[in-house]
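Listed after this line are the structures, all set down as structure tokens.
Next, two complexes with chain A in common: one pairs it with chain B, the other with chain C.
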Partner chain A sequence: MTAYVPMMQRSQWEDVEPTPQLDGPDPLVPIMYAEDYRDAMDYFRSISATGEQSDRVLELTEIIIRKNPAHYTVWGYRFQTLLALQKDLEAELELMNEFARVNLKTYQVWHHRLLLMSHISPKDPQSEIDYIHRALLPDPKNYHTWAYLHWLFSHFQDRISFKQWQDEREWCTEALRVDGRNNSAWGWRWYLYVECAPEKASEEYWQDEISFAVDAVHRIPHNVSAWNYLRGLLLRLNRSKSTVIDSLNRYASGESPVTFALEFKAEHLAEVGDREAAVALYDELSRKDPMRAAYWMWRASR
Partner chain B sequence: MISAGYGDALHRSIYDLPHITSHSDNHPSATLIEQEEIEALFTDLLNGVPSPGVPATSQIEVEDSESTPAQTTLRTSEHAKFLASSLFRLPAPFVALDASRPWLIYWTFHSMDILGLTSDQEIRKRAVSTIVHFMHPLGGFAGGASNTQLPHLLPTYASTCSLAIVGDAGQNGGWHQLAANRQATYDFFMRCKQPNGGFVVCQGGEVDVRGTYCLLVVATLLDLLTPELLHNVDQFIASTQTYEGGFANATFPLTGISPPRSPAMAEAHGGYTSCSLNAHFLLSCLGPPEKPSPLGSSFPKAIDIDNAVRWSVMMQGEAIEAGGFRGRSNKLVDGCYSWWVGGGFPVLEALERRRKIAKGQSVSEDGPRLFNHVALQEYTLVAAQREAGLGGGLRDKPGKRPDLYHTCNNLSGLATAQHRMVQSQTVLEEKRQNFDASKGLPAVVPKTKSGGWGSEEQRQAVRREVWANALAWVDQEESVIGGRENRVNATTPVFNLTPDRLKPFIDFFYGQSS
Partner chain C sequence: MSSDGPVRQTTFKRNGHVNFFLRCLQALPASGTSQDANRITIAYFCLSGLELLGALEDKTTAQQRDAWIEWIWSLRSPNGGFGGSTFMITTSNANTSPGHLPSTYTALLCLAILRAPLDRLDVPGLVSFLRSCQGQDGSFSPLPRSQSEGDFQSDLRMTYCACAVSSIISDFSGINVDAARAMIRQCRTWEGGYAARPGIIEAQGGTTYCAMASLKLLEADGKADSTEDHEETLRWLLQRQIGGFQGRPGKLEDVCYSFWCGGALSILGRSDLLDAQSDRTFLLSAQYPFGGFGKEPEDPPDPYHSYLALAALSMHEPAAKEHALGLKSLVPTWNVSEESAKWLRGEISRIKALKYPA
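== the complex of A and B ==
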């Protein structure tokens, strides 16, 4: 490891006076900054005060965000500098690929990427879609990544071809085949199939979607994600549970019935006006799902 | 199994409830494998760590008559040391939190408040001075020194709440400095505002409901609410509710689809649900529920309360997960959701009560607690505390290191579990009566001509209602698991400040003294 060369010994920074952090006397929660971080920040304060936008600013901000990827002020300054210098934003995106690998949970890394994509504004965002699909492989429930994917399709909604929507739907279906319990993938399915349903979607379209959810329940009967999707879908479509109840009732019987099936059955009974039977089921739920006993009794009382 | 000796039929102890492992449905997947690993970990834990109660039926023959039956307690003095350890010196790796220093202060001092720990005057003065150095001339607060960082909505919440805790109305107590920066803070908020009702968290920053929540709490506390600030905010918040009933990070308009819509940008999540629910609640409090809101009869846009309750209840883990909360369907329990999800219940109950009042129905301030507050206390004590003698602090789950964020959220959840906080209609009415409209700080100047309240009368009516609603929370019922040494102080829903800190602070900004 080479020894750290302080900024003031670098010819490139000769003309700049460092500015110390003003924390006041005896601040609480002081961080024992490493020398290189403190040094870089002292110079960042100076250049941001003068509004300098230059190549050395890009070098400096990169040093800082590598040490502290949550430094929103530095990220913002870097982005404005990139724009001012008309830098190659694709190259910056490459750098973000590297960042994302180690900082998957940092808001700023994802937001910087979002800003870059907004400005690059590709005619076809396919390579970015592919990148996100790959990013999800090692971390298939990363909230930032999924939120970014939602944004990508929303922001570029008009540029995404019919085939790309179809491909994405297939990709999502595959993700649910790999792990039917991945609730993030279910949320993505909701966006693709329900929120972005074709205008005047046919009856067949919705029947297919209901069937998909029912089949998912059959595949993994204790899967909360599948039940919530089915329940949410029927609620959104304002449809009765009657058409699907027959095949689902089997999970509501026996020694250890599925909680969600009992609830589904109870809601169906209430829906068709059999209040008494519904209450009996909520009562059963309070025993079969005792962690939520108070809640089920509350449901029974309503 | 020996009965834990506490809890009731509707809220049973994790030591009494059956420990049933997840059903595999003969269908292994990554989610199931992770869940099974955690259940095995909790099984070991629950077999080795005693319950918080002295077992009522315990007849264990003890050779040494002086030893008492084993019992898990809240290790307050260890947590006190943990909290103190980071106040004066944070090692270099904490650089990742260099833009979150107000949070470190808030998490520390709010945890101390909940634990009933006092700090000496000198430390409090240093805390005020530190926070004041984060205050930004452009309004709001930065995540660190204001000669370094720009204002950001999240540290603005953390700094404001920190000043509520450590500051006072004295010359250098921070409150006057905060009051002097009100207009700048309002202007900063307006610069953050987006046409769809969202807010960027900072200049050029991301838009999500964390920002909305933080902004609305501060605007409520500092008397900064105006129609232009709140325009469309209710729509943004309502659009983040997902089909599951919980709320997502944000919403984004789809204009190319007919009819145009604005779907949620991801799945329901505990942290965002807390932000959206609390934001919706604050927007609801501009006027009394039986009258149309001053911002129109459809304000705030309705959310599905029943589904939000259902989702929240479903987030509570089973006995084999020690009764903690998870943050998303099919994810693992984590002590931070004790507050994010657990802390939402009093708000949901209050919203439900408002809904009933609006319909002219009678309301009750009693009734059973909808989540298992016994089990949540057990999770905090048994699973979230670091093992005795290792330095204190609370954590996500066994095997994880404690940190200030998890310490604060676990303790805030514990406070919610021990104290049933209810918005009392009696106190609310009393506060409305006692409000003195002639007192207060100057009204903020809106950015647009028509951006303010329709009349001074309307502005005063809103101020009265907002102030009264913030102070109407009362501790309706206390239920502490284990000995009295486990008792913590209550925290006020929505704000997450203890009532003793909230009252003088909001009174100061509304000029009230009653």
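== the complex of A and C ==
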């Protein structure tokens, strides 16, 4: 690492007087800033007071966001400067690729990326879709990454081709094959298959979707996501559990039944009017799932 | 016994927690630089933590608290609201030191905890600040809309902050309530919980709390109907308990979700349905030996998890009976002690009558 050169020793900053932070005599939660961060912020205060937008502003703001990627004011100033100087936003996107690797959970990094993509507004967002798919590999449940993928598809909805939608559905199906318990991938499936279902989806379309969820339960009977998906789907379609209960009943019997199956069966019994049998199952649930005993008793009392 | 792994904490380390919060209030090391824009929120975690522990008055001096109050007033932005820190105030420029919605919420609570006379509070300024943060779709952005475009951060956290600020000042005119409620409803997922933004299709404990708290606060305004069906949400929240709480299905326990999920359950009036003993055991096991709480057992402590752990434990106090930890009781919608909430209501009435007579 090269030693840090203070801003006042850099010729390009000779004309700027640094503005120190006014933190008062007894501040709350002061931070023992590293010298380079303090120094850069002192100059940032000066240039933002005059409204300067220049190449050196871009250098300065990069120093700061590398030290503090959550600095919303600096990010905002940087973005306005990029636009004012008509900079190559693709190059900035490259820089964000580097940032995202270490700051996957920083809102501001994703926000900046979203702004860049809105302005670049590519005719075909495929390379960005690919990038997000790759970004999910090391961290397949990262909420920000999934939220961004959702934004990408909803923002560019009209320019994503039929084939790209198909490819995305296959990609999602593959993600669930690799990890059937990835709840984020289940959520993404809901978007792709339920929210974005064809306007007049056929009966067969919905049967396929219900079967997908039932098959997922068969593969991993204790999979909470698959049960929730199936339950949510039937609720959304306003369908009874009767059509699928036969193949699922087996998980609700024996010495160690699947709690989700007991609940599903109890709800089915209540649906068909067999309240007594439903209550017996809630009673069993309160013993098999003691952490939620009070909840199951409450369900039984309804 | 060594094969059993590290010893998990079971006794409540009250003094350790007091000292942890006092240390953070005094200074964060350089590694805390990423919190530079959110110092007031870190301060809120520490001050509210000390208050729940009943240690604020004993362990800090009146002189110190007065100086802190002055520091908080220095965060006021020219366009209403409070900034998150003093990093820009020297420029006094509304473009580079705008109010910040989460910081505005936490600054108000800090002032209340410190019992600051609020004569200097600009209530109409707060209302217009909130108005400037709300978009057409009903969502709120952390900064006024003229300062930020796009919507990655305009999520339920911001809606919650706007509702909390409005509730604190007893004035909801800064919110288009119908649009805000519609946006919240659109965040409801197939699972019964709430996602961060409309259309995002995975529910999360923190944003589900924000949804429940926001709807409750809006209800108090008398403009929202209370017929909303929360049974699926109740089910989703209780399904998240695995000892402590996880934020989403398939994730590990994390101390903060004991508050987010537990708080949402409390707001729904169903704290009786969770397993308080298991949650308490998990929370105590996540205490750091020298004070504070980490995200999970054996993690180093931070102010966020430390405070939310205490807030969650405070909600378990009634059920703990003789094992109570001596924590003050909490108002789960505002996330501050009942004592401070009561004082704040009175103080807001006083200054409104004084400064803005009807």
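Going forward, the second predicted complex is superposed on the first by the 301 of 302 C-alpha atoms of A that agree within 3 Å, B and C clash if a C-alpha of one lies under 4 Å from a C-alpha of the other, contacts with A are read in each partner's own complex, and residues count from 1 in each chain.
Here, a contact is a pair of C-beta atoms (placed from the backbone, for glycine too) under 8 Å apart; a residue touches a chain by one contact, two chains touch by 3 or more.
The model shown is predicted, which means the values in this text are computed figures rather than measured ones.
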Three-chain arrangement built on chain A, chain B and chain C clash or fit: clash
First, second, both or neither for A:V244, with chain B first and chain C second: neither
Chain B versus chain C as contact partner of A:K67, first or second or both or neither: both
A:G180 touches, of chain B and chain C: first, second, both or neither? first
Partner chain in contact with A:C172 - chain B first, chain C second, else both or neither: neither
Touching partner for A:S118 - first (chain B), second (chain C), both, neither: second
First, second, both or neither for A:A40, with chain B first and chain C second: neither
Touching partner for A:K141 - first (chain B), second (chain C), both, neither: both
Which superposed partner A:P221 touches (first chain B, second chain C, both, neither): first
Location of chain B clashes with chain C - one stretch out of 2-10, 20-28, 56-64 or 380-388: 380-388
Touching both chain B and chain C, residues of chain A: 19, 21-34, 37, 41, 45, 67-73, 76, 107, 110-111, 114-115, 141, 143, 146-147, 150-151, 154, 181-184, 186-187, 190-191, 194-195, 224-225, 228-229, 232-233, 235-236, 290-295, 298
Partner chain A, residues of chain C touching it in the complex: 24-30, 32-40, 42-43, 46, 64, 67-68, 70-72, 74, 86-91, 93, 95-97, 100, 110, 142-143, 147-153, 189-192, 195-197, 199-202, 204, 232, 234-235, 238-239, 241-243, 248-251, 272-275, 278
Sites on chain A touched by chain C in the complex: 19-34, 37, 41, 45, 48-49, 51, 67-73, 76-77, 106-107, 110-111, 114-115, 118, 141, 143, 146-148, 150-151, 154, 181-184, 186-188, 190-191, 194-195, 224-225, 228-229, 232-233, 235-236, 290-295, 298
Touching residues (chain side chain A, partner chain B) in the complex: 19, 21-34, 37, 41, 44-45, 67-73, 76, 79-80, 107, 110-111, 114-115, 140-141, 143, 146-147, 150-151, 154-155, 157-158, 178-184, 186-187, 190-191, 194-196, 199, 219-225, 228-229, 232-233, 235-236, 258, 286, 290-295, 297-298
Footprint of chain A on chain B - complex, ascending: 9-12, 17-18, 22-23, 25, 27, 29-32, 86-92, 94-101, 104-105, 108, 123, 126-127, 129-130, 132-133, 142-150, 152, 201-206, 242-244, 248-250, 252-258, 261, 263-269, 307, 309-310, 313-314, 316-319, 323, 328-331, 367-372, 375
